[in-house]
Each structure stands twice: as C-alpha cells, then as structure tokens.
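Handing you this structure, nothing more for now.
In order of appearance the chains are A, B, C, D, E and F, and numbering begins at 1 in each one.
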C-alpha cells in the first residue's frame, strides 16, 4: 500500500456560533471566534489517498486529476465563501475545524471514482492548528 | 544601521467592495473576493524597525516589547475582526492588502516610542501573495 | 475519532552527556553535541489529542485551552532553560530528543483533564530532525 | 516505541514515460510530465526509523550516522542524476513518485545496520505533492 | 510607493555546461551540475511590482491578473521543460540561476501592460539558494 | 548587478547578560533570556553577495564554494558552541542577534576572496525574529 497526498488551498470566512445559545453564552465559550461580523482563515487542505501503483503508469491515481477532483468537489464550494452561510454541507453544524474536516471527508468520499481509497483529510486552520480525520472505520 | 523584524499573526474576514459601484461592477472587478457574505485570511505581519544597537543591551529595541507594541497597536484591532466593518483605520477604504499594509504602517508609526524608526511593513495575505510598504519618504 | 494538533515553540540549551562516561568517551560518541559549554535549539512541539467533536461546540477540546495547558505544563518548564540543569523531569536522563519527547508526553499525560486522550508528541530539534512518541500502549 | 525522522534533499531530472506505449499515448496519459527532453524536481526525503532509546545514549540511532547512511545508500545514487537513465534501482520502472519512494525504501532496507527498523519513506516531489510508503508488511 | 509580490512555481531540467569547454573542464568547474543526462529543480519564482494603489480598487494591479501574466509570459515557457533545450530565451546562455533570473526579468519586462513597474525577480533554485535581480537601472 | 543568497544553519547556546550590571538588573532587562544556565537557538543564516554573472559560468560566484566559505569562516566557529564562552569574535559583546549578525558580517567580510561583494547578513534567531545587516556604508 502506498499513500499519495495532494495539498490544496482555500480562503473562507466563518464564526463559531451555536444558535441554540444566547450571544452571551457564545461569547463566553467561543471568545473572539464568535465575533458576529465574522473572521476568516487561509485553510490548507491535505488529501491523502492510498492504493497500489498501477504497473503501466506508476500511479495510485493521477495526482493532477486528484487535484481537479478536490477543486471540483470541495474547493469550489468553500473558497472565498462564508462557511456558515454559503456552504451547504456545513448547514446545521458548528463551523469548527473538526466539523469542517469531517464535512470535507464526506463530500469527497461520495464523489471519488471507483478504486480510489480515501485515507486522510488533514486541514490547517492556522499555521499552528490542524485537524486530521481518517473516516469512521478508523474510529 | 541594523534592521530587526518581528512576525505577528492575525485572522480576519473581509471583502473587496467599492460602495460607489453597483454589485455587478464589484463582481466584475473583484470576482469571488467581492462575495457579499465575506471571506477571510490568516495574515502574517512582518514589522521591521532599524537603528543602532544599544551598547548596554545589544538591542535596537527589545523585540519582546516590539511584539507587545504590535499586538496592542495593531493585532488587537484586526485579529478575529471584519476588516470592513470592525476596523476604524480601514473605514472609507477598499480593504485590499495594499491599503491594509499602508493602514498598519500609519497605525504603528504614530504609536511608536521615540527613537524607533519604522522601516517596513510586509503583509502576507496568502502564502503566495504579499505587500511591502516603506512609508511615503521612500516613494 | 478526530485528531487535533497544536504547535507550540520553546528555546533551550542542552548537551548530550552521559555522566557515567569519561569526557573522552562522551566526545567520541556525541561529538560536538557533548560540548561542555552547551549548545541549544528552537524546539517545535506538536501536541496531538483525539476524541469525538462535542455536538454543542464542534470541538474535541478548545484549542485555546489546549495551548494554555501545554504552556503551563510543559513550555514554562523548558522555555529559555537548560534541559540538563533546570528541568526536573529530565533529571537522570540523557537529554536526547527521543528522551525529551517521552518526558514531555509523561508530563502532559498526568496533567490532562478527564476526557482528553493524548495521541502524539512530535518534537522538532532542528528543521531536519524530529521525533514522535505515541505512548507505551502503542509500542 | 519511539520514531525518529531525518530529512535529506536531492535534485534530479526525470520524465514519466512508458516505453511500451507510443509517444502519443505517453503524451495523452502523462501530459507535460512526458516531455522527451526531461524536467526535474527538488525532492525532500523524510526517512523514519523506530526503536527503543538506548539508555546510555538516549538514541534510537545516532541521527548523524543515519544521515550518513541515507546519503551513502540513497542520495549519492540519485542527487544531480537523471532518474530514468542514471539510477540502477529505477531501471525498468516508471519514474513516478510512488515507484521512487518504494525504490528508496528497498534500497535503504537492505543496507541498514542490524537493529534499526525502517518505518516510513516520505517523499515530496513538489511542495504540494508527497508519497508515503511503510513497506509491504503494512499493506 | 507600495510593492506587491506574487509567488509562482515551475519544475524544469537543466545542466550547467559551457559548450566552449571540454567535458572535462565542465566537470571540473560545475561538478555534478554538469551531468550530461541532466538534473532538475522545483523553482519558486517571486515577482514583485510596484506602484500606487488605485483609489477605486485599492490595487497596484489585480494580483490574479498578475498571476495570469506570469503564467502566460514565463511559466508556460519553462514549466516541465529542459531549460537548455526547450527555452528560447535561454539559448546561448549558461543555465545558471543568475542567468535564468535575468532572462525571466527580460521576458516579463517586455510583456507587462503599461503602468506596471517591475521591481524584482527573486528565484529559488533550492530551498537554500536564491537569486534576486532588480534590472539594469539598479546595477 | 545580481544578488545571490545561500542559507546555512547552526545551533548555539547563549544568554543575554551585561557583566557591568548586577544579576537583578540583568533579569529585569533581559528576563528569561538572562538565565544563568543558558538557553539556545537554531540559527538560520542567509548570506547575500552581489556582482555580475561571469559570462563563462553564469555565476556571480560558485554557490558551492560560497557554502564552503561560510562554513569555514563562520559555521565552524559558532555551531554547537556557546556564543558567550566559545566564540572569539563575540568576546566583550552582548550576544544579541543584532550584535551576532554584525559580528558574522565582519568575520566574513575580512575573509572573502577578491571580487566578491558581501551585500547582506540575514539571521533568524527564531522563526519569528530576524536581523539584517548591510555593512557600515549602508548605515
């Protein structure tokens, strides 16, 4: 088994906000991340797939096509967007990095061609904070 | 003359939007950066000062105090904020990286202790885009 | 299961020195790392915890509080210190990156709040050398 | 079990080309990577070994000697070379990053001193593409 | 005056070779960089322009259009190419990083729209080697 | 004029300490940097030279020989050393990054071959703090 990783980038606005709570409770729990006027990040998204290299190409999967896939299925939905307002797959969820990584996994998982196994979503929110998700079967 | 640089970090939401234009004109000129629901970035801010090292300390200026100064005078005003809505020194300006770098220069310039010479503001908007400003006298 | 990582930074002096050996044997085995006058590093410390995101916050654990914990329990004990002389949890051990990573794991493990599972300590000694430790149960 | 990683660097030329195919088929599958005049990369090679720290040295293995080993057994064979033409262990294989990582694993595996366990080869082809290989027993 | 920088990336093969010299002299002067079978690099290209921000856009120049310009005028000519064989503007020159940076400056300079002032080409050949060129007027 | 930069790395211990002051005054001014038991850093040293590329080689100066020069004249004197105790050119000076950069400039300046012009010493003490020195004539 060989693992192949591609890095893509997107920028987005968000806030951490639980609509079931009062604004005061949100401020207390989330601090400046709950700013009602939003803040934002440059997210760095590492997508890792795994498989056996094809003897004819040496590829698990063509990394250029992997890049196209990630852009079509994920980046176009989140780049230069507001994660809370504009992104369908985050509706009804708190826009934490944890939930965003799981959301991106699910979005990619159901859109991958046969024969590609998704292994890991690694998502940097800032240069000092990142989240990894390997799917439910690895829980 | 010796130059000393300190890197600080902040996150913010913004949009590129000229209120004198129609939404269509804004979309045409700024593209996805004009998203009315905002997007955001991890900004990396490099502040460079210059001077002669003090013979008693070896310092141009204590870099820990420089960090405190940058945080008090700049980071607290922009971190986890919406640059268009929350930041006084950007009011009435397009929130481009160019204008933000000039705004940060002015904000710091008028708040520096005597004897520190500000040399450069270098501001990364993304890992692939940055702006530098050296003040008007270097125009 | 989702994994959350926080990066913290510290600077320290150390030497590689086995007090059971002669100075000559130390020089022979450790080379310039055995310099009796010490040398030092900027250590980059990645702490990874794992868990299920809380439905109310979207968090495994508040990453700002994780940062406070790491600073209180580890960084304050090692930053701007001499690892051989000043750090209680390294007494009687060779101050290699391997032993330091295990020492930091133990220091954090016994000080974590209930419900946080420590997953990995990843410690860069230089930009080209790092050590990872996942605890004894993963041996 | 503790894991120790050393980063080494090499530069090489290569092309992606399957000699069993026509030039047209190669162009169709590999695109500009099939350029008959070659292109090239700065490869970043992370080698991870694992083991128990030696009580006398604190080392799994002396990282300076690990560096020497990687340079002797791998870097000297690939640095400033053409992977397709000059590298014996890549003969008869497509010079993809996947195959190169597996080739480097095999080259190192058979040349390691007793008692060092090779854990992972992580190979960056560009800053946005990397491959990991953990050996066959982890397939 | 404000300075705006955009980073682009390309991969290429090359060798350092002076055709007026014998192969032995080339080996003696250029060492492994003269390998007749080529080697290659991931080049990182920083293009800096300067000007006054436009009051209507806040831009010196639209950084997305700057990226398109760099890709059209430079990257398409060098990416996945052999600098010695495939690149017209390097014909008759030694393919050193110094000459390549000057060549890219000239290629961009004559293709820039009116009103953009090119300030600097900064070109990384490896993560530890880079060249800067500011044009002849700054010689 | 073209500028060529080479990055080298060294590790060292130091403390900020003015022997003309009491320990209390040192603690007050330098804080944890005055720890009598030392601390240390991974220093990243960027050396920039300038000149005209030689028509026969395309080089301002052979970057491999520049690397050898920097290692012989600077790195061997500071790597794995105590800057306060072991480094002759820092005797009688406070071991601040400012003074260290000036000291490295002087050390290199007097040891460069004819025809190489030293342009800049850029020295990172941590990933967030660096100093630049361009010599006295640029003061």
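Rule of thumb we're sticking to: a contact is a pair of C-beta atoms (placed from the backbone, for glycine too) under 8 Å apart; a residue touches a chain by one contact, two chains touch by 3 or more.
All figures in this text were calculated on a predicted structure; none of them were measured in a lab.
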{"item": "Shared chain contacts [chain C and chain D, defined touch]", "value": "A"}
{"item": "Chain D and chain E, separation of their C-alpha mean positions in angstrom", "value": "28"}
{"item": "Between chain A and chain F, centroid-to-centroid distance (C-alpha), Å", "value": "42"}
{"item": "Set of chain E residues in contact with two or more other chains", "value": "127"}
{"item": "Touch relationships between chains, expressed as pairs", "value": "A-B, A-C, A-D, B-E, B-F, C-D, C-F, D-E, E-F"}
{"item": "Chain B partner contacts - residues on chain A that touch it in the complex", "value": "9, 11-14, 32-33, 35, 37-42, 79-82, 85-86, 126-127"}
{"item": "Residues on chain A engaged by chain D in the complex (per definition of touch)", "value": "1-8, 48, 53, 56-60, 62-64"}
{"item": "Sites on chain D touched by chain A in the complex", "value": "16, 18, 20-21, 29-31, 93-99, 101-102, 127-134, 138-139"}
